[in-house]
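Read the structure below first, then the notes.
Order of writing sets the labels: A, B, C, D and E. Residues in every chain begin at 1.
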Amino acid sequence: MITKPIHTRLMYLALFIAALLLPLYVPDDYIFQIVIMSVLYAIATSAMNLIIGFTGQASLAHGAFFGIGAYGVAILTKAGISFWVALPVSALIAALVGVLVGIPALRTRGHYFAIVTLCFGVIMWILAGNWIELTGGHNGIFGIPQPTPVRLPWLGEIEFFSQTAQYYLALGFLLLTLFGLHRLIFSVFGLTFMAIRNNEPLADAVGINTFTTKLIAFVSANFIAALAGGLYASMIGAVSPSAASHMLTFNFLIFVILGGIATLSGAVIGAFAIPIIMEFLQFLGDYRMLFFGALLVVVIIFFPQGLVGGLRRLNQRIAVWRQNKVSE
Amino acid sequence: MLKLNQVHTAIGGLQIIQNVSLEIGKGEFVALLGSNGAGKTTLFRTIAGVLKPHAGSVTFEGVPIDRLPVHKIVERGLVLCPQGRQLFPELSVQKNLLLGAYPIRGEKKRIQKNLDRVYALFPILRERINQKAGTFSGGEQQMLAIGRALMSEPKMLLLDEPSVGLAPLIVKLIADVISNINQEMDTTVFLSEQNANMALNITQRGYVLESGRCVLDGDCQHLKTDEKVRKAYIGA
Amino acid sequence: MLSVKSLTKQFGGLTAVRDVSFDIRPGEVFAVIGPNGAGKSTLFNMMTGTLKPTWGKVFIGEDEISGRRPYQIVARGVARIFQTTSLFDQLRVIDNMMIAYKWRTGLGFWNTLLHTPGWKKYQAEAFMNAMETLAFVGLAEKSEQLIPTLSQEEQKRLAIGIALVSKPKIVLLDEPTGGLIQEETDRITRLIEKIREQGITVCLIEHKMQMIMGLANRIAVLNYGEKIAEGTPDEIKNNQAVIEAYLGGEIHA
Amino acid sequence: MELFLQQVFNGIMFGSTYAIVALGLTLVMGILNIPNFAHGHLYMLGGYITFFFIGTLGLGFWPSLVLTLIVLGLLGVLMERIVYRPLTDQPHINAFIAAIGALIFLESLALVVWGPQGLRIPNPYPQNFELLGITIGLQRLLVIIGAITLIFGLHVFMKHTILGTTIEAVAQNREGAMLNGINVNRVSAVTFAISSATAAVAASFLSPIFMLSPSMGAILGMKAFIIVILGGMGSIPGAILGGYILGVIEALGGGYISAAYKDVFAFGALIIILTVKPTGIFGKKEA
Amino acid sequence: WAAEAVIGFTGPLSGPGAGYGRDNLNGLKMAADDINKAGGITVKGKKYTLKIESYDDMIDPTAAVNNARRLRSRSGARVIYNPVFNTIAPLMQINEQRGSDFLLMAYSSTPKIEAIKNDTTVSIPPPFTAYVQAFSDIAWEKGWRKAAMVVTLGAYGDEWREAFKHYWTKKGGEIVADKPANYYTDTDFSAQLSAALAANPEFLLIGGPSEPTGLVIEQARNLGFKGGFMLVDQAKMDYIADVVFKGDLSTMKDVIGIVRVLNLPSQVIADFTKRYEETYKVHVTFEAALNYSSLFAVAKAMEAAGTVSDPKAIKAAISKVLPQSGDTVPTPYQGILFQKLLVEGSVGVIADGKYQKNYQYIWWAKDENAFNKIKEKMVTSPNVEIRWMPVEGYLQQ
């Protein structure tokens, strides 16, 4: 519907090629590790953006669904099931849980929805720590196997032990996620998400089944979050309750908001920028979190639309400046 | 008393009020006409200090007020009775009125006097002293809003569309009360309305606002016979 | 067409609507008037599923619609506009229209995600209908604009357009000219007449007597939640109860 | 039976803390519409400031309590001014992010200044007595009495003083209040001051029984947040009732069933309540 | 001018585990300082000084992996310390990767670490199961039979409770109540304590981090409890006695727990404690002492292996430099078993408000004979009794 001008398309193409070639340029394992994790976070954050940014429902259970994916893959692969089966199955389980939680939770609105989902998130986190038979308790599950090698035409057998392979695996899922989200969001169907965010009573009155639509957004977001969680589990090789905690939710939330809410690129930018900034601040030692806390406040005050919003504003300024120059 | 000199106001980067100048003398009763979205509310909010003009000046009794915070302007005796009434829905009628007397808080006698005066204007409010404002019907809420604005004995009252959405019967009642406030209480009144019929019948003078600009002004008799005004605001 | 049977709504202790019944005939303009707080909007809300009636039923033809959810009622051909102009003001004009047309299409989750062959067809169909209706309400040129750039009258027109785009049998308009000046009111009145000419039934709430008396085929009057009169404009004008409760002996405002 | 009474007593003491902390939060959330997720961290800081006066400066319990109250009140004003006022017109979620920033900052501050080890304040009233077969610590009783006094005082303040009424007025209609000559910014500052001061009182009363640690505010803050929503945003009776309900559920759940799952019971109950009554116990009906 | 060998550390330096993380780190820092002051290490004729580089991971696996990667690729650390199982497990996933391998020095007393086979991991403390058995034996000798548990929640606490329940009931003891509490987030334990005390236990098994454990003791006494306490090994008896109760043992009265560091039978302990507390302004802990000793072992192993950069070689050389002698380190290691450093479990006892004789348990000796051989080499002292106590799972030698 909204067709992009050619130069934006070119920019996306350039970004895509850069992403493909990235392993050639990473200077060391450390940077690579951060990049891989950011790609995973970008998947989860984009999903969160769908429910929070586009549909306007502040789900604070996102970390829990990430956790369901992570634990699902951990438990299933340890039971000998192939990663390629375990991943979709775990995501489907998360989607199912999403339906069960969403049906009562979506009866509430605004702050109340946020709190109901937050409570659900905390409960899942507690369960992860205490349902020892299933989750290994606070120790979690360790020694999770890497994705089983796959045989591809031309490329031969691909193993997922190396960072490069892990990176492409994660990148593939990120691109798939963005592709799917792009299709959903820039369509009449996607407009209904925004309609609900914008004016729910009116959406109701023009014949949108708002409840089902919200449920679809919620469940899709949870499904994708679980995919990210599943990838995370097999790449890190161990899961513990921190992979299902509300702190993770808050991290995602920070990524979404500081990146730029309700924009596809914002979620991705946030998921890369914040972890990188965090790592960059390591030199502050004990004062790192002190500084980071203050930085969060400052950024949200001066960039209420996030980094993407800030960039847009800058773009506008430049455009205005150019125009003035031409008219001179 | 009130003087606007080439006022410009923008909301969110959008120019809404453009180059408006006007002057209202003490004791006058003036109308501000304009269609929906013409900028009447924005102009009133600018005068009351809720919005700050980005160019031009507003003076009240010779003092520039365009940089003052709202509560300081209220203390000077310029009170806006806002569109949409802006009541405190969970508070009782009595408390709403007492909050109206906030600028003169502490002066018990004066407050009591003003309270009696408001109850005399709107007897229905006295009957419902303890009812929550939010449970009132539209007309009653409008009465309460006007009553509350009177509680601090303003020298000048800005009334933003008091008749909007009211039944014909109530519109008439409100119109009577406003005339009364102007004539008997000696309060300067600036009344914004898109119900031109009503406004031009009770006021002395009027300004017409279109897309944020003042396009016409004059006394009511003159405005009523103006061809354009008749067509746009009064109807055949 | 649409009939209301003994509708009653209570909010806590307050009975906002009490035992109201009427029938709207196909093709007419049916007006509901009454003092503020008489329960007009509440009545509309019950007719469109936004509120559940405490008592009573609403039928469209033979089909009972009370108790159904708003989207189900819309699908049965009942569209509405709200009292305070209600639009998707973060989106463009055309987007507003497409959203309102969506339920008539198969533009669901899977079709959209998979871009099935039907998807393209529906998308084109939705766009065509949206543009057609925009032309009908006189906003064809503004399709790409953002809502805040529209004038009040245009916003009201768009609200009506949103109600019309999905081709309803009946539209319920809650104060479609609220806050408009005479000139604009006249234009909206003409639009409503045009809607009637299309064979769409109109049910209308207004305070502007001049307009109502000229436009409505029949009028129902509410006062304190009860229907105190129903009839043609001439009957209503001369009804003593209505004059006392509402008109105050004067018929223009 | 004795055990039951003992648990109820524990629950009430906890509920008292929850009630005060949630009360302070509901003022800020209901009135200024600020989701101050860092409220629990103000409580934590209150504990450390009390420690500073008692432990470091060697002042008595009561003077320290009053001083803490003042310091935290000022800090509240500062926080409103620096962190939240610039965000007045932004979406709530932005203020929520700012709150997360603020809490990270406060927690790190305590860590840098006082270190990670738990700190103790000597208990001014270590005496115990027995009543109905249960052991009651004097300081614990003091917590309950202090909470009730505070709740009562706050009620009188809100309902029967003009300043209190202005706070309610700002809550219900910010612009309307402005147009009545109320200095809305000052009211916001005062509200924030009261809110943080109540958190400080809770911390001062409790810190002699408990232990201070930089992360002690996190969970409490979250619970206060949840209680405020459970009670119905901005509802004072809701916050008090919610606080006591949570306190007693936790004490009984933790004592009788399982400490690991006590929050599951508490939060689970909350989910159920909210799905049955989607705007909280005392929440206003949606329009 | 000497080259630097970087020793990495990633662990909780903020958040609830911060105190624990810092105790670990401080021990390492002090060891590095001492080693450097004594001239550093000499590897194949080349002089090296040790440099500790530390990063905070807040017990987040992702952060821990990032930190380790950073330490390995940016700082060239080939030895990385980490003190929490939740982060140790993912580090074991990457520490054998070609080109980015490092020796993982894991401070965690759970036997789960040994369950993961990893050629470049060394675990530092004794298994907590050794303490479970030792404490139980002493309690049994004291005539205690009825136990109630109010132990910290969390992985470690869960395992401790499980192990204690298993061992104590096997011995014939009784567990009358099990009411765990969250020592990291709770500040009031009266709900759990009231419930536990209602079952009339003779002693309470309690513990988590030291400060809240002190609080639990105080609250239990306030609720009228007169019996004894057994402290899980995370809670430090001396910290509670010296810091929480300011040296007054009357509230604690009867306690079995991990030994007071100052009471360890070591020649350097007094000096170590004094310098440690002066430098870091915190109470000395067992973690600090063990990490200190372990870094000495690693340093020596580097010299012996003739490399500072080959984790496998360094690990292999560790066995050659043990046992350590009691006049260099506070807690001398006796050897290494696969990937576990061997140090005795040291138990301290307070009875009637006074410190009693200490016990040292050799938990890895297969038989009496092996035990005696180890005992010969150990530092002894009159108020220490050295005992043999084989622990399940460690009898392979």
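Please note the rule applied: a residue touches a chain if its C-beta (ideal position, glycine included) is under 8 Å from a C-beta of that chain, and two chains touch if they have at least 3 such contacts.
The model shown is predicted, which means the values in this text are computed figures rather than measured ones.
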Query = Chains in contact with subunit C and with subunit E: which ones?
reply = A
Ask   = Which chain is most remote from subunit D in terms of Cα centres?
value = C
Request  = Could you please state the distance in Å, as a whole number, between where the Cα atoms of subunit C are centred and where those of subunit D are centred?
outcome  = 48
Task = Can you check how far apart subunit D and subunit E are, centre to centre, with Cα atoms defining each centre and the answer in Å?
result = 38
Ask   = Can you give the whole-Å distance between the Cα centres of subunit B and subunit D?
value = 42
Remark   = Separation of the C-alpha centres, subunit A versus subunit B, in whole Å, is 51
Query = What positions in subunit A touch 2 or more of the other chains?
reply = 129-130, 286, 288-289
Note = So the touching chain pairs work out to A-C, A-D, A-E, B-C, B-D, D-E
Ask   = If you look only at subunit A, which of its residues touch subunit D in the complex?
value = 52, 58, 104-105, 107-109, 111-112, 115-116, 118-120, 122-123, 126-127, 129-130, 246, 250, 253-254, 257-258, 261, 286-290, 292-297, 300-301, 304
Ask   = Hey, which residues of subunit B end up touching subunit D in the complex?
value = 48, 50, 69-71, 74-75, 79-82, 85-91, 95, 98-100, 102-103, 105, 148, 152
Query = For the complex, which residues does subunit B have touching subunit C?
reply = 14, 35-37, 135, 137-139, 161, 164-172, 194-198, 231-235
Inquiry  = If we count contacts the way the header does, which residues on subunit D are in touch with subunit A in the complex?
reply    = 35, 82-83, 86-87, 90, 92-94, 96-98, 100-109, 111-112, 222, 225-226, 229-230, 233, 260-261, 263-264, 267-268, 270-271, 274-275, 278-280, 283, 286
Inquiry  = With touch defined as at the start, can you tell me which subunit D residues reach subunit E in the complex?
reply    = 2-3, 6-7, 10-11, 13-14, 107-108, 111, 115-120, 128, 135, 137, 206, 209-211, 213-216, 218-219, 250-252, 254-256, 258-260
